[in-house]
Amino acid sequence: MIKAGIVGGTGYTGVELLRILANHPQVRVEVITSRSEDGMQVSEMFPNLRGHYDLAFSVPDVERLAQCDVVFFATPHGVAMSMAPELIARGVRVIDLGADFRIRDVALWEQWYKLKHTCPDLVAEAVYGLPEINREQIRDARLIACAGCYPTAVQLGYLPLLEKGLVDHRRLVADCKSGASGAGRGASVGTLLCEASESVKAYGVPGHRHLPEIRQGLTLAAGRPVGLTFVPHLMPMIRGIHATLYSVLKDPVDHGLQALYEERFANEPFVDVMPAGSHPETRSVKGSNMCRISIHRPQDDDTVVVLSVIDNLVKGASGQAVQVMNIMFGRPENEGLQQVAMLP
Amino acid sequence: MIKAGIVGGTGYTGVELLRILANHPQVRVEVITSRSEDGMQVSEMFPNLRGHYDLAFSVPDVERLAQCDVVFFATPHGVAMSMAPELIARGVRVIDLGADFRIRDVALWEQWYKLKHTCPDLVAEAVYGLPEINREQIRDARLIACAGCYPTAVQLGYLPLLEKGLVDHRRLVADCKSGASGAGRGASVGTLLCEASESVKAYGVPGHRHLPEIRQGLTLAAGRPVGLTFVPHLMPMIRGIHATLYSVLKDPVDHGLQALYEERFANEPFVDVMPAGSHPETRSVKGSNMCRISIHRPQDDDTVVVLSVIDNLVKGASGQAVQVMNIMFGRPENEGLQQVAMLP
Amino acid sequence: MIKAGIVGGTGYTGVELLRILANHPQVRVEVITSRSEDGMQVSEMFPNLRGHYDLAFSVPDVERLAQCDVVFFATPHGVAMSMAPELIARGVRVIDLGADFRIRDVALWEQWYKLKHTCPDLVAEAVYGLPEINREQIRDARLIACAGCYPTAVQLGYLPLLEKGLVDHRRLVADCKSGASGAGRGASVGTLLCEASESVKAYGVPGHRHLPEIRQGLTLAAGRPVGLTFVPHLMPMIRGIHATLYSVLKDPVDHGLQALYEERFANEPFVDVMPAGSHPETRSVKGSNMCRISIHRPQDDDTVVVLSVIDNLVKGASGQAVQVMNIMFGRPENEGLQQVAMLP
Amino acid sequence: MIKAGIVGGTGYTGVELLRILANHPQVRVEVITSRSEDGMQVSEMFPNLRGHYDLAFSVPDVERLAQCDVVFFATPHGVAMSMAPELIARGVRVIDLGADFRIRDVALWEQWYKLKHTCPDLVAEAVYGLPEINREQIRDARLIACAGCYPTAVQLGYLPLLEKGLVDHRRLVADCKSGASGAGRGASVGTLLCEASESVKAYGVPGHRHLPEIRQGLTLAAGRPVGLTFVPHLMPMIRGIHATLYSVLKDPVDHGLQALYEERFANEPFVDVMPAGSHPETRSVKGSNMCRISIHRPQDDDTVVVLSVIDNLVKGASGQAVQVMNIMFGRPENEGLQQVAMLP
């Protein structure tokens, strides 16, 4: 039995971790922290968990967390870096669902996150938690920086094209659409039902924190700095990310793109290359850890359009964290992650 | 391994059966029928099932269905009664998610469903599939008439009051709210997103087919004919039923209603009596087989208000059918049904 | 030209007043206040108003407001009672969209609103702003307490039955459903899109502040104290209230209820009695000041079910306030209020 | 008084025309046709129109339509071309909201619409109904081919850049998002609430009928053939189009794009260039005829991102048709079109 702790359990990635781990046969959640809800049963805050957990929130306490085999940070940026060093020093493996260790260039991180990094040395050690590119490094990692939601959808969609150098890496356009759960469970006017439903808008066009993360990943895949325009949009729905990825083929003959994608992801349990001509819907992955991808060349022209969908709370956050944990602890990679997406 | 067949697999209760059974360790779906989609892979119609099934729709064929241990009918009324007799005769156990065998009074059934019943004798044999009242009869039944969605939410909410004779059985008001999936997957203008979202309406106020079914169940519980006003409403959402149940206490002193409900359902795996003062949300059961119930006496007056929520496609249809199947085949009642509701 | 001021312009009833008054030919909004947004253009906060207003929020200032002919309070309770006395003393007519002057029994108001009332004498003078019962008193009133959203839908639906004494006044059940805009524009977790969409719940079952207001109005109509159970529900949509109103006929013969309603509201510009057998949808009044009503007697039994729908922000708040203003200033009652509901 | 006829009044653009014209002081709708609903009152099908129209659907009849000054076709493609010639011959001015006369290259039209065109000569005469480019030609036109919904949002967004030749015209990417009302009011599984809500998908990536229309318009603006990738997406909402338009500046210095757009549209009553840095929401134009546009250069790089939002049923269809009619009949261009967008 893997003993798990969760820091920051009152947000959407926290409750989603609890939902997934409730049916994981080899994990027991021992500690879940929340400063504000100390003492409250998790099932009181999240009634969907009634009958699944007899566990109360407690204030974060390194002593208690250090009894765990693994600690998940489902927290805003800045929290994980303040606690991870001590936990790691005491032998706990840490999986950060937040952004503290995702950007290798600490100065760049500080610029985007407007915060002084308190353990830059751990940034260097941290393994970026996207199994489709880093599976081997994940196995023995002490610290994982789980990939963000948009970055997961965008990187999985672009990887085969960039790894093979088939497209102009200077002109990538990622037009991304996300449900409102990506904005978290904090009270705010902008994500009220009355503000965010029945409407669509772009946001963060001048610059979004996931931009440097995506650019870093795509640059690694391409082997050279990419030029990327990334525009996120808020969708009037709860869950799901749809990334529409544009790029231009260097050589406008047929490259067998469908076969390329199928091969690249043939052994990936959580990437599904759809049949040619498909249009994946976000609901086809709602509640599941799957990423579904389609590849198009409209009008047989030289522009490639890749469609990539995930559930931002699962493959884009908590499901990915569990997938990573399974790898770290030598479990079958899909253990506890075989839920079928809920449709309708 | 239980070999299962599904007749009518292209509707919402059909795909929901497939979703649930995909993770049931003791069931293998052998046959799934659809006249219109003969030959199509189920995962082509329902991409959420990709990777979970290698199974194609086929035209209904008694020979093939007769190889199954159990056959589910996820069909409009009229279909099950045409095929059930032969299957039962050949030793297959039948679970009808539709309405063909729910009403014991065949003339009443024919009046509401505008159809001649073709096997009234089987109506007499059929067991009403609501485990919370009929668990023992279900065990050995050859034919189950699963309770409808509204009837499940309403009956579970009223049962303790009526069984104990605490309220005026002549003045029951069931104000029910359902998501649009209750109307099925057929193309129709009324349930288009543009017609049914951002709006609420009552429907069927003069008379709805679930009225005689609910009345029959409540009459059995009360031991005398009840007077019931049932008003269903269409909600702008996909899943969920919220029943708001009004009745008047005969004796307006405290009856320990909270304790009464907790005792009545103490051993029920899928009825959750919430703490006093709660207001259950339908999303707290979204995708799960649970029914959550709260009991109120506003202003300490003599009116009792019971709030009862289910997922109409799970406890109101396919989950209940699997629960019933587990009982029939001697499996643990919650096998394959332990999914946590998806929140948010 | 009527010079109007609005106190509390940053909430949903405030922006709705601005939307309606933008097309009112005889009103000019001169002042709109907001402590927090002093100096911001209203069209900056509400881009739908771009091109319609050149007006900025300012801190509330009695001097400026006193230049107006009428001041609307679109504020939480407690604000209007602090400013209304001085404005009225200076000859300004006041229309309060909030609750400060709705309950004639000041002690009862203080009990429900947990606040000491600061001008009980004005409560006695205030006219309850529901034109369908108080049109004449409204004409010359100095102070109007606009009816609340639920109270408007419920009272209009019950009035004819109670005025004629046709139903048992001790057993009224009002099951009401409201869109999330009724909860206002304040940041709160409960009305986030991710919390309130795709779900239905009852709330305030033990007691809701609109209960005493509705009870007061129905008691006046019935001429004796009524017994009322009022259960509000939160719907996953923005606008609209659907009241489902149950009552029991004293004399279970046909009372010509349809004709009764048609006559009662024959001259009302904003009450539409639908044809017999109808089920009004809330979207049929979205954005309009209309209340649509249907009357049913299910199964020809003695229970009457009245369905009453309004847009909570229009007939339930800002539209009603403008209707009242038109009456007060001798304008045609429907001036500026002839917008067609938006469908789809 | 302008006497108007509407052919095809049972769809969403038909009811939207009725909604808008109900408040147009100079138009009276004399005829509205529907083969299937002959004799039904329009207010019976669309209860939001109760009290605004005393008008019944009738079967299309050229004699009756010929009495009108103007006839709107709110029909699927193929209908207008079958009736327009005779109406025009009899002096009626025709405004087609459909696609029959939008594409000047008749062979191209036939290829995309899979139909033989029956009056190619009228295609040559027809004026493309986008006032922002064709105002003068519209004045005296006998036949208008109203711009489509996506084409309106995309063309208005790209016009200034292409007219000035500032961007690489060979590499345009229009990523567009539309509410479900764009798919019309026909019964279909794909736009059921249960299929289209809580999900996002691209569709028609290999080729959509609006592609040749947009390409034709942009080619005219650029003065040379453009290269365009157009990907439409279905959004889980009723109304609204959000076009996110990507292009690459030829000369990556500051071009004063904000000023360019403000000047280009300075005199346009229905194009609103938002302040620099804005992100327009579709709800800011819900129910109004406005197009709101923002211009961004993310990271000050050479990619321009234009955000353009409209209500697909208003500026993308029926509102635009009324704007065009106002121009044709010498009325103020915004007459009957001054409704404020509904927010929330």
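Going in written order, the chains are labelled A, B, C and D, and every chain counts its residues from 1.
Note that in this section contacts are C-beta pairs under 8 Å (C-beta built on N, C-alpha and C of every residue); 3 or more make two chains touch, one makes a residue touch a chain.
Just so it is clear, the structure is predicted and the values come from calculations on it, not from any experiment.
Novice: When A-C is set beside A-B, which has more C-beta pairs in contact?
Specialist: A-B
Novice: Thinking of B-C, which of C-D, B-D or A-D forms a repeat of its interface, with over half the contact pairs identical?
Specialist: That would be A-D, since it shares over half of the contact pairs of B-C.
Novice: How big is the gap, in whole Å, between where the Cα atoms of chain A centre and where those of chain D centre?
Specialist: Going by mean C-alpha positions, chain A sits 39 Å from chain D.
Novice: Roughly how many whole angstrom separate the Cα centroids of chain A and chain C?
Specialist: About 45 Å, centre to centre.
Novice: How many angstrom lie between the centres of chain A and chain B, each centre taken as the mean Cα position?
Specialist: Here the centre of chain B sits 36 Å away from the centre of chain A.
Novice: On chain D, where are the residues touching two or more other chains?
Specialist: Only 12, 181, 185, 194-195, 197-198, 236-239, 280-281, 283, 286, 344 qualify.
Novice: In the complex formed with chain B, which residues of chain C make contact?
Specialist: 171, 173, 175, 177, 194-195, 197-203, 205-207, 211, 227, 229-231, 233, 235-240, 242, 244, 246, 248, 277, 279-283, 286, 296, 298-299, 301, 303, 305, 307, 309, 344
Novice: Name, in rising order, each residue of chain D that touches chain C in their complex.
Specialist: Touch residues, chain D against chain C: 12, 15, 18-19, 22-23, 46-52, 181, 185, 198, 238-239, 272, 274, 278, 280-281, 283-288, 290, 292, 313, 338-344.
Novice: Of all residues in chain B, which touch chain D in the complex?
Specialist: The contact residues of chain B facing chain D are 12, 179-181, 185-189, 191-198, 236-238.
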